[in-house]
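Labels run A, B and C following the written order; every chain starts at residue 1.
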Amino acid sequence: MLTKCMENVRTTTPLIHAITNYVTVNDCANALLACGASPIMADDQAEVEEITALCAATVINIGTLNQRTISAMQLAAAKANQLNHCLVLDPVGVGASRLRTQTAQQLLANNHFTAIRGNVSEIKSLALGTGSTQGVDANIADAITETNLPEAINFIRAFSKRTGAIIIVSGAWDIVSDAENSYIIKNGNPLMSKITGSGCMSTCIIAAYLAANPQNMLQATITAVSLMGLAGEKAAAISSGTGSLRNNILDGLSSIDTEQLKVGAQIDKF
Amino acid sequence: MLTKCMENVRTTTPLIHAITNYVTVNDCANALLACGASPIMADDQAEVEEITALCAATVINIGTLNQRTISAMQLAAAKANQLNHCLVLDPVGVGASRLRTQTAQQLLANNHFTAIRGNVSEIKSLALGTGSTQGVDANIADAITETNLPEAINFIRAFSKRTGAIIIVSGAWDIVSDAENSYIIKNGNPLMSKITGSGCMSTCIIAAYLAANPQNMLQATITAVSLMGLAGEKAAAISSGTGSLRNNILDGLSSIDTEQLKVGAQIDKF
Amino acid sequence: MLTKCMENVRTTTPLIHAITNYVTVNDCANALLACGASPIMADDQAEVEEITALCAATVINIGTLNQRTISAMQLAAAKANQLNHCLVLDPVGVGASRLRTQTAQQLLANNHFTAIRGNVSEIKSLALGTGSTQGVDANIADAITETNLPEAINFIRAFSKRTGAIIIVSGAWDIVSDAENSYIIKNGNPLMSKITGSGCMSTCIIAAYLAANPQNMLQATITAVSLMGLAGEKAAAISSGTGSLRNNILDGLSSIDTEQLKVGAQIDKF
């Protein structure tokens, strides 16, 4: 299944529209290309609907949002829903400002998202409408541990049920869950949190995998998350610091093959 | 001639103003520095005319254009024309939305561009005012082959004649042409299309070479295109994936010397 | 003291808000993470005050400023002052356009900056309200030499006295000075000027060091500048071009330890 999901991306080259922050946008574009997709970034309200219509999936990432791009996000999300295209939300820093919280809540209220990915603080903030987000990195107090895992899974399933979205919580372990089925992905390396953009890239790759695997979206998401983690693991093993880590992650995304993915993936059903 | 063109960039350090997209702007700045030029990016209408006036050449790249930056593009283009400075257009994704098509057409109608660089879908869209652009990557159906090369060259020469611009069509082979003289540059590597920004960087380097070689613009363009291709070739030979490819291209741009360029350049007159 | 300053950053992970240009914003975020801080970028006036309030320090970098972000800069600066948070200015390209000059002057007139970092042309332009800035790189005519160093130091001290800010002048040698005490940091490598963002990254790292070392701000600044220079030196020694240089600088920022910093730092009191 991992194999099939990966092959579907690489053979169909899905075109992905990302309205995303200017901090990691280059990493997002390169991650999409590396995993076999094709990126286009457009954020003016005069063109986002046309761009969304051209694409197989749309990513909305609210890092560095502004009044102008918020309008574009709303138009693109509505168009993606109207056309039944995949729509993925990355609520960067939700909870850190009213603007982020309101924008994310409004997007969620007005649209159906295929998937939502964030760190645990972001997902909590988004689900509860309030939270303890400190900037764009997860608050340590929110960490998911073996002890609170069952409680966390219940929380995530409830949020999935309410939104109809696959929920991905990134962290030391990544959790991928819909309302009923939950998976723990144990790939990845703590160093990934020492570069900007590993979350944003992961969200884009998830969108590409969803777009290319419409028949099996949960498996597609698990595969994407596992691939990103595996690329991070392999990169961490050969990097002399965070500059090379970032490049080695892109190298991994572009070179890991189906065999390596099958061997390296660490996926547990909860 | 290649040698002279390269030396002129490296000894005069032309200052290049780029109004460009936020996806690859960092790559553009680093590519300009690597090739021996000096970049400045400014896109507010309150300052673009002054910045353009300071610079030897201005690049207008319409990727991630918006209402605010479109005004800035128009002002900068007019100022560059008024001062007889080089002006280079990169019509990213023209044809993919009405906003891109109209903006590019209007820029072309109101200003004289020294050079225009795009992939074959973009150049077709721009020349015809309609096209089959799918996102920012070339549509496979538009590919230039040995069979349709003479027809493509005629098309490009006609577009050059109409606009007065040197036309650069990037692809497996790059074509550089004015209304009468056409060159096929066979440098480069297919992997270059697997990173974002190789086209945008190429456009910026062309602008630097034009600015430093006003007496011989067609040769300057050919040299710039060949240098970028050679950097890509050398990078592809030593890269383990697309992350390292991107860095190795910048390494090549900053380290290839006149001797290596002379030996490596693969330029055929059509 | 260097050791203590470095440890304070790495153990407290200060959250730094940067309103900065879209050319080097990714490098800024990665440099902050590499040195042990945590970055957040936000530039909409509807949220910048909240984000500034969350953070330990705010950086204002005027490269690619626009009407929208200028408002955000003003609000963030006022909030940082109100809360007595560190506030650092990077006047990129001040003197190259009236918009940059007026914006920087107005920020300076209305707010107290903890530190101001620029190249010699930028600092001259900012201090004199006029200057010879050519783009974003220092004008060669402004270079500080052994001959004019005492005169330069007097000028910088007077500017520090007037503004109450620690002044950092980047160049072949970096100068760090308040109104009375001046230091020459001889770390660094000329190749650092061949990548975009070394100045912007340095400013961000200074902000992180200031935030983590409120009791000893001059020493914190010296340490940050020395660390950046040392990372550049080490990177230059192992890089094959400017692409790898940039990554190796980030590798150095994330891996240089207190012992290496103590041995490598070249700091002279003037």
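The rule is short, and it goes like this: a contact is a pair of C-beta atoms (placed from the backbone, for glycine too) under 8 Å apart; a residue touches a chain by one contact, two chains touch by 3 or more.
None of these values were measured; they are calculated from a predicted model.
*Asks:* Cα superposition of chain B onto chain C: how big is the rotation, rounded to the nearest 5°?
*Replies:* 120
*Asks:* When chain A touches chain B, do the two copies use mostly the same residue numbers, with over half shared, or different ones?
*Replies:* Since fewer than half of the residue numbers are used by both chains, the interface counts as different.
*Asks:* Can you check how far apart chain A and chain B are, centre to centre, with Cα atoms defining each centre and the answer in Å?
*Replies:* Averaging C-alpha atoms per chain gives centres 33 Å apart.
*Asks:* Mind pulling the chain C residues that touch 2 or more other chains?
*Replies:* Within chain C, the residues that touch at least two other chains are 22, 26, 68, 246-247.
*Asks:* For chain C, which residues count as touching chain B in their complex?
*Replies:* Its residues touching chain B are 21-24, 26-27, 63-68, 93, 96-100, 134-137, 194-197, 239-244, 246-247.
*Asks:* Which bits of chain A are touching chain B when the two form their complex?
*Replies:* 15, 22, 25-26, 29-30, 33-34, 38-44, 46-47, 50-51, 54-55, 68, 246-255
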